[in-house]
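Structures for review follow.
The following pair of complexes shares a single chain, subunit A, combined with subunit B in the former and subunit C in the latter.
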Partner chain A sequence: MTAQIPDQATRKYDLKFARWVRDNVPGGDKMNMCMQCGTCSGSCPNGTEMDVGPRKLFMMVRAGMKEEVLNSSTLWECTSCYRCVARCPRGVPVTYIVQGLASVAAREGYAPKIENANFANSFWWSANAFGKTDERLVTMKYFFSFGLVEGVKKALANLKIALGMVKAGRMHIGMPHKIKDTKGLQAMLKKAAEIEARD
Partner chain B sequence: MSEKKTYTYYPGCSSEATGMHLDTSFRAVMPELEREIVDIDDWNCCGASVGLIGGGALPQTVLNGRNLAKAEERGNTDVVTACAACYLNTHGNNEKIKESADLRGKVNEALEAGGLKYSEDLQVHHAMEVLVNDVGMDKIKERATNKLEGLKVAGWVGCQTVRPFAMTDAGGNYDTYEDPEFLDDITEACGAEATDFKPKTNCCGGSVAVMKPEKTLHLMQTILEAAVESGADVVSTPCPLCQTNLEMYQEAINKEFGTNYNIPVVFPTQLMAVAFGLDSKKAAALHQNTIKADKLEKMAK
Partner chain C sequence: MFAKDNVRMAMAQAENSSPPTPHVNEMTSCKLLVVGGGVTGLTAALEAAKTGAEVVLVEKSDALGGWAAKWSKVAPHRPPYRGLQDNPVPALIEEVEANAAITVKTGTIVTHTEGMPGKFTVKLANGGDEAWEVFGAIVVATGWRPYDPAKLDYLGYGKSDDIITDIDFEALAANGGIKRKSDGKTPEIAAFIIPADDEITPFSAGVTSTIALKQAIQLVDSDPDAMAYVIYEDLRAHGTTEDFYREAQEKGVIFQKGTVKSVDADLTVTVADDLLGQDVPMSGLDMIVLSTGMVPNSTNPDLESTGKGNAQLKDDVDPTAAFAERGLKFLTQNTDEGEPAQPGGPILNLQYRQGPHIPVLANGFADSHYICFPYETRRSGIYTCGPVRKPMTMGEAMEDAQGAVLKAIQSMRASEDSASVHPRAGDLSFPKFGLDICTKCRRCTVECPFGAIDEEEGTDYPILNPTRCRRCGTCMGACPVRTISFDNYSPTMVSEMIGAVEIPDEFEEKPRILVFACENDAYPALDMAGINRQQLNSMMRFIPVRCLGSVTLLWISTALEKGYDGVMLMGCKSGDDYQCHFVKGSAMATERMSKVGETLQSLMLEEERVKVEEVSIADSGRITDLLNNFGEEVEGLGLNPFKM
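Right, the complex of A and B next:
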């Protein structure tokens, strides 16, 4: 006699996370249009570097796999090329949703060790402090976000490229470029963060 | 022929560093095509593709809202930027603000904390869209008196220049997402030859290439391979990050894949500057390419 088939028919998807994504992630309200055709994953230039492609990631959202979704490398390997957005036959803003999920993962501390979250934080630091991206300082802050030894290693590995840029006059030397009204900008960004937390 | 027109110009952060040669050449060619450009006063960063992750959705929109409010002060309806990421953010957020009174209210509430307000409906354009829709290829061809005869150019558009807005009404409907023709049209208007280069809208890896080049070298290898196979002397791209990535990682790619690439990567505005007979340094800024475009430089007047 064969063993009894395990009773999985009663297992239900937990829709709480999918509903939360629908209401809180920009573009998330369009995710229910996804028919799992896989055009996005097939079009993705960097899919080979991801844990799972966007199609599967969306299915995982539907299945309530919050931890797996927010820990997935997919969020950080997306290069924002928007090919999936252009090709999706159902008009799902795939890139925007992936970026929105990355933003949630960074905010909730899911990705503290992941390169892109460190880079995003270094980038935002420069935008907020100077009103501009100082590519040189952002890169250095990013390199050293991995600790002193790793930072020196990464900086040395890129030294030749950096010197080439300096020679071509494409790397700024000296004090960072700053906007005149950094105070005004910082007040606006602070207010924006308050409004976002309020609404 | 279209009338002389003034655009408010958003140079973006790369214009002061890695993309200086795009800014210089863009500023040089626009007046030659009878288009005035006036900078946004005290413009700030657009947030690029990671600002949303670092700062959140509304702060990212407010960054762009500040630029739009500052652009409004200039009194022109049309804003232009030559950087793909600046365009993506400024145009994308502008359209969202135009569509939603609620969002405009929130953006203005934040802007007010710094004494600004965005009340107009400006129109943000990509420099390439302006060249196609407003200037027109005939005018570029007419102005290109120093034809780049014999120069073979692989036209690599990249992604964010055309995606996700090139085929939308608000984006000017100026070309396709997959196989755009405008870059080859510019090459040929300059008298050069556009090679049969297939991966026109392939991605270089964008900011992921800056963070983790080892994850994206394969993307650039595909682009370089196709460019060399097409017989190109140079690659032309309108995007400052594409230009920098494809240029600075060639050595790493050679090491990783055992290849021998050393192909110059230039901007279409640099091609135009040379074809217009302008100065190779002051207008075309060819001295700022780390892989020298010797053949193009020799054609300069």
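Right, the complex of A and C next:
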């Protein structure tokens, strides 16, 4: 899963990347306040799963390592627990920046094919369609995003858990829950996308 | 017993001392000489004039202002410590020139200085014109000069027109904006390189960091589209500079920690980035600015080196030079051997037997007791301030000037009464020489750290320059015939105090240990230990001494003959990073005591009975352990066979 950092010779550095991040990523203007103490990386419950911790990620942005930053799994491993934000002594909104970078990566086609990205897509699909997340549909969407065979395999593997949850009343059967005005929500999201697409 | 012995000792002390009668001083001057017309000298002159003193300000070049006048904007040194400030120098110059109490002499240097605090006779030379004047004290604010950029070729200097020093950058900023020298365009991405602390100009990192911060902000302020990288190994944003550092971060200056491995002609900087753990080639830079730091003007580079007193300049700014030799080596002050690494002639041309220079310590910076007496040089009445003392920013230099001026005024006033300035402020005693038994051995004249004792012309007897004296008693400790004494401090007095203690006879098996404790650090540390109720071996008897340098070997032999079982000397740290309040007193004592072993052996006594310990004022926790351990060691040796 770990993205290999390319060799010194082939690596591209873009000294203006840091400035670009500052101007284009939400919270990027605060990234400069980072003093590289590493509290964020040390606090991250998911840090061991990441290619690089948030501290190093920020340093890579400063060094202009655009490719490595946007290809890193860090962007997708973030669970938005906000522990880094709560603990940052310099008030850097780490979570916002990491997620902002993830959205840039997705837009520019960098998103790595890792499971978390698939899950994020499934989650987004449900939120978009119903205004809420439906556990069953999100899970199914996520399982089958790996292909039909893989999806059936994953679903069967989790069958026992699902049945147990139904039995315990933790998962309902029937039509998915929806918010009252899904049309309105979709109109809002459409408008938001339109605003974002503006220069 | 302890209390009774202390009373007996105090009585012996009172019996053998008399209230000091001050040395009669003829007319003393309260006029202040300030050497150097930069920001430090200007502030010093102005502050002194504000206190009512008459001031003569001497500047080597034709205009006041020095280097500082060349800057367009300066780093903030007033609250809120953010944002660039206007250069205060033009206003200072105006104020100084308008002040009636200040006489400004530009194009003038000092070519001769003799005398002592209260009456320095100084020759001021302006080209061919020479004038003699008498001053009460001298403030030396000769400042700094830039590091030779030719030695920066490893940082790419000279490879491209766009690799410049911070001085060049200031010139650009002051004259028509920050533009590349090669094509006149404003730089889009610039890197400011702060070399590692000791790499080129040691101890400059605080200043180089501030300069890099300032210039990076200056660039970003002048062109919001420009990007500034600061590449550093040690970013020392000390004190209020921390706020300035934050300002730089907020304004988008990017900080890159790492060691610069190479700088190429195409302005590619390769940095070994410690935080990424790899080499980062930074290419696409438009301008590289090297922060170079300060070389102290402890000599006048325009003058020829005189050769005499070079040992006091035995230091340099060569980064590869060993740290060991700093002009502090025992008894070297009158030798003329050795190349001065700090080239140039003396600033004041002192007519002292120790040579014409103001002694320097580390890396060419003027020597002072850095912690307690930062402005005092080893020449009483002569005070250094500003970057000649240590690298500092403009704000720091202005503060420094105020401090030094206050000390200089204190010195002038004390000289009127023939009182000591520091550390024994107000002391009226002074060394008296019993010339009837003086052997003219010259040890007092050589060993005096302050050059207070000269040899009288013709007779070669010691003669005192009373206001140069700091009353440490190093001469008293040096005198082999113990004929130097103070009214209230003498070899006899302490010998009587040693004798006043009742020594239990050998059958009681109670040892006695004599402790000579330096009154500046060791004695207060003992006081503190007492306040903290630390337990001390009750066999100790204490005698405070002015300085370990005043301890004569006579006292040690007296004590051992009297039946004391051990003697401990507690003084300040000596050596390169000394804390001795009299600069060399504890070094002298250490040197003298290294030879005490032979004396002890000739008495058939163990060498371990005498011990020298270096303690600082903060050592109250450790000091009782030191003494108790020594007590146990002495008990292990057994009783002194000389006991009655």
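What we mean here is this: the second predicted complex is superposed on the first by the 184 of 199 C-alpha atoms of A that agree within 3 Å, B and C clash if a C-alpha of one lies under 4 Å from a C-alpha of the other, contacts with A are read in each partner's own complex, and residues count from 1 in each chain.
Note that in this section a contact is a pair of C-beta atoms (placed from the backbone, for glycine too) under 8 Å apart; a residue touches a chain by one contact, two chains touch by 3 or more.
These figures come from a predicted structure and were not determined experimentally.
Annotation: superposed three-chain arrangement on subunit A; subunit B versus subunit C shows no clash, the two fitting side by side.
When the two complexes are overlaid on their common chain A, residue A:R22 makes contact with subunit C while staying clear of subunit B. In the superposition on chain A, A:K190 makes contact with subunit B only, while subunit C stays out of contact range. In the superposition on chain A, contact of A:G164 is made with subunit B only, not with subunit C. Using the contact criterion defined above for the overlaid structures, shared-chain residue A:H172 touches subunit B, although it does not reach subunit C. When the shared chain is aligned, subunit C comes close enough to touch A:Y13, but subunit B does not.
No C-alpha atom of subunit B lies closer than 20 Å to one of subunit C in the superposed arrangement.
On subunit C, the positions that touch subunit A within their shared complex are 189, 227, 229, 246, 249-250, 252-257, 273, 275-276, 278-285.
Of all the residues in subunit A, the ones that touch subunit C in their complex are 8, 13, 15-16, 18-19, 22, 29, 32-33, 36, 55-56, 59-60, 62-64.
Touching subunit B in their complex are the following residues of subunit A: 26, 45-46, 48-49, 76-83, 85-87, 95, 99-100, 102-103, 106-107, 115-117, 119-128, 131-136, 139, 142, 160-161, 164-165, 167-172, 177, 179-181, 183-185, 187-193, 195-196, 199. Taken in their complex, subunit B has these residues touching subunit A: 13-14, 16-21, 42-45, 47-59, 61-63, 66, 106-107, 109-116, 159-160, 163-164, 167, 177-178, 201-212, 215-216, 218-219, 244, 248, 251, 287-290.
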